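After this come two complexes, each holding chain A, first together with chain B and then together with chain C.
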Partner chain A sequence: MSQAQPRLRAAFSLGVTALLVMGLVASQWLLGDSPQQMQFDARLAPPSVEHWLGTDALGRELWARTLAGLALSFWVGCLAALLSTLIALSLAAIATLSARLDALVSLLIDTLLSVPHLILLMLIAFALGGGTQAVIIAVAVTHWPSLARVLRAELWQLRQAPYVRISRALGKSRWFVLHGHLLPHLIPHCLVGALLLFPHAILHEAALTFLGFGLSPSQPAIGVLLADAMRYLSGGYWWLGIFPGLGLLLMVLGFERLSSHLRRAL
Partner chain B sequence: MRLIAPIAKRVARLALVLICVALVSYGLMMASPVDPIDAYLGPQMAQVSPEQRALIAQRWGFDESAVVQFGHWLRQLVSGDLGWSHVYNQPVSEVIAQRFQRSIALLGSAWLLSALVGFSLGVMAGAKEGSKLDNIISTYAFITASTPAFWLALLAVLLFSVTLGWTPTCCAGPAGALNQEVTLATRLHHLLLPVATLALLGIASITLHTRTRMLELMRSDVATHAFSQGASRLDVAWRHGLRHASVPAITLAFASLGELFGGSILIEQVFAYPGLGQATVAAGLRSDVPLLLGIALFTALFVSVGNMIADSLYTVIDPRIQPGGL
Partner chain C sequence: MLKARQLSFHFAPKVPLLQNISLTLCAGQWLGLSGDSGAGKSTLGQLLAGYLAPQAGDVTLDGEALPKSGVQPVQWLPQSPELAVNPRWRVGKILREAWTPSDAQCQAFGVKAKWLTRFPQSLSGGELQRVCVLRALAPGVRFLVADEISTMLDPITQVELWQALKREAEQRQLGVLVISHDTALLERLCPQRLHLSEGQLKPW
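For the complex of A and B:
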């Protein structure tokens, strides 16, 4: 293992991931509606040269559906991670304003952490009535506490830093200190935090959808594909169960690697 | 006497957190677009006149304001009445008690197995950084940490139940058999695969955590000193490493109860194991609000007590850490 060049490895891993994501997004453009196209003469066909990963019970191509599902997961994960980071940042900023607000935010964190993630996700998705929006909000609302803790600790430390105190003593406004000194320091933390959140976000989205609380069954999400596969499992249609999950695993692994490389490089 | 004050503080905090959980989950249920009367009536909805609906609403207190309803619910909760589950047609507390009895076998054995195996794998990997064993164990832990729980369960069913036919595909006992007729061996046979899958997922985090601790130790002065006296890596791992890494591992095991429970929901769903996780999914999909609220509170209690034990264990196992000093 070449540990001498963490930046190089991070750049390489970033390039590969970006390329794959671009390919994934581009494929959605090129594919059009083929993930939904049914071929009634080729139902539940095993993987072959014509049907690369096989077809499902309605004769839809599994490879096209898996790609579409991964693209869906990617967008849901992106939006949820972004939203979650924003929540973490704003609550961490609120917590540093006064001791009472700090106690309130930490009580909120304790409350959210004491309910198992999946149950909280189900409650929120239930409250919002399901669907894509509900999943994004539910995942965003449940994933911010760990990042908020990191940002809060950073902010407390920064407030005591000499340059911030000098800046305040020289009469600079709170706003200037916030966006001139504090935010530039926090942005790398936010970036890494969002990247760390991302794999969890997609895994939880898939789990929620699999249980039937997430994306609607008409969308080719990975969770939907695997829930479908469950019904045909005892018939020995192994390809339905293996490939969508494998795609998801590879995507999560790719982003995990990227975030661990980036964390080392920054 | 020194120990009582912090414990009392923790219990007070626990009560506060539980009240917050009750408030948040009740608020979420009130915000839901699902009408509780529709959910209760189900397909008989069409046969009920508006007057009858109003009567039901009055009987259940739905015509009151949300705050008053919350007050009623909280008062009943304190007196031990969690409400009526319309999915199982039983009091919620009975449903939770029955289901949890089945789940605890799954949760407990998976938890114990993952803690023990995870810890020993972590010690083995951390004892010699960069060795072949370390690489294998680290890669394995890294991959399982990213694997969707339900997919792993699905693969397990596919391989062991469908293809090889070694284990049953579903449920806690043979279909149609009465509870009393099922022997212990059959029960264990049905539990085998779910426990193995759930444990496999929990192992990763404990392994990675323990490994980091071991690497820390191997670079510390203690280890250098021991090496200079001629101790082998195995010696250092056995004499110092176990103690050094065991406290964080035990703490992590207690702190990860929430994750374990989340995993059990997915795995019970795949294996159709009739435990608390499956009841949660059924309650959510069929809008059984009292049951959902009861389960949310129950699991919050379960996880919070786990976290409390994790915090308290630190001071019990390692007397150098003063309570309240962190």
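For the complex of A and C:
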């Protein structure tokens, strides 16, 4: 029972998250241009039967904009987490090739970890001119060090495993040992690592956009919605911030729980 | 001829494990090595196979240093076969990692065809050990360091394994260093035997 529970929980989390993601993706086709449609006779309308989550200052439906924002955040988070994991895996693999390369990779990891995330994110996104691509690149190149550190340590430990040393003694090249023995062992670590990176990536994307360094204000991103909401919160238009914020929180928590359950199950 | 000259080794400074060890293993020779737990038998075996580098002394094969690449002429067979195989590989892939043994060789070592499609976790320690021994007999291998390889086997399997190895070693003139606590086994297998104690080798 105790062995089956983590797997059962992981399967449940995976099922729920997959359903949510599928719903989010499907909503993009169903929504069409609803997130951008303005109704000037229904500006800043509170949540009601007619306007489920209320409308914004231009009369755009908040439920449609929140869904579109979450979908955008999902894709940005996915790509950034994937890219980050690839960087982490490549550098961890390079670190195993020699002691000098390992020292270099370790130095790079320590340097990046010593710089505050957000400052680096803003600098990179600003340097790249903002927009979706800039946000993805900025999030990807700032989020790999923690995972790279874990993968590097795991690879160093695996290198000492008798079967790896025997493989070398049987004449196998370093490259063969790396892709035949070492890298396949890292798949669960990479999967969990990418899932753990995902909520971070989404939050940082939202933060970056909120601060004006991320996605374009014309895109219905969560960060844009929250930044807009800031201007109206003091006027009592609470729904502008609450619903996009809640949506972001639920998505982040969902993926965080999934990664946590998967880590225990794998 | 595999020769160790004045080997010294320590894991922690000022705590020497092996001191000025010298030994020679000739082609076709069976040499037994016994010693208390922690005496450094496995360490000595790994030094001879090139898995560890000594702090002093050297290991040579026909007067030259052990090769750095290719199939190593000295193969180490560890005590725990579970650690010696990739748990994600099927047994067939493990067995053929360096070479492809013939059906007759598989039969001689009791490696069954039905094991080849299975994962190592589904084989017993004894079954897996036979696979590991056969895997280590790649062409070009001239010496084996058998580190307690039959400890976990039942008596019948032990006999079968050693008989198969003896036949193969005779055919190929393999030199074998047998590391074991089992003095009766060493007496049966090895005409020459050494005892490792307090970092020194003594004949017995």
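Methods note: the second predicted complex is superposed on the first by the 262 of 266 C-alpha atoms of A that agree within 3 Å, B and C clash if a C-alpha of one lies under 4 Å from a C-alpha of the other, contacts with A are read in each partner's own complex, and residues count from 1 in each chain.
Operating definition for what follows: a residue touches a chain if its C-beta (ideal position, glycine included) is under 8 Å from a C-beta of that chain, and two chains touch if they have at least 3 such contacts.
Just so we're clear, the structure is a prediction, and the values are computed from it rather than from any experiment.
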Chain A as common anchor, with chain B and chain C clashing or fitting: fit
Chain B versus chain C as contact partner of A:F213, first or second or both or neither: first
Partner chain(s) touched by A:M230 [first = chain B, second = chain C, both, neither]: first
Touched partner set for A:P47, first chain B, second chain C, both or neither: neither
Which superposed partner A:P184 touches (first chain B, second chain C, both, neither): second
Touched partner set for A:L203, first chain B, second chain C, both or neither: first
Which of chain B and chain C A:P6 touches, first, second, both or neither: neither
Partner chain(s) touched by A:V252 [first = chain B, second = chain C, both, neither]: first
C-alpha centroid angle, chain C to chain B via chain A, nearest 10°: 100
Touching partner for A:H117 - first (chain B), second (chain C), both, neither: first
Minimal inter-chain CA distance - chain C and chain B, angstrom: 13
Residues of chain A that lie at the interface with chain B and also at the interface with chain C: none
Residue ranges of chain C in contact with chain A within the complex: 49-51, 69-72, 75-76, 78, 80, 83-86, 88, 97-98, 135-136, 138
Residue ranges of chain B in contact with chain A within the complex: 13, 16-18, 20-21, 24-25, 28-29, 31-34, 130, 142-143, 145-151, 154-155, 157-158, 162-163, 169, 258-259, 261-262, 265-266, 269-270, 280-281, 284-285, 287, 292, 295-296, 299-300, 303-304, 307
Sites on chain A touched by chain B in the complex: 1, 107-108, 110-111, 113-120, 122-124, 126-129, 199, 203, 206-207, 210-213, 226, 229-230, 233-234, 236, 238, 241-242, 245, 248-249, 252-253, 256
Chain C contact footprint on chain A (complex, rising order): 161-163, 165-167, 169-172, 180-181, 184-185
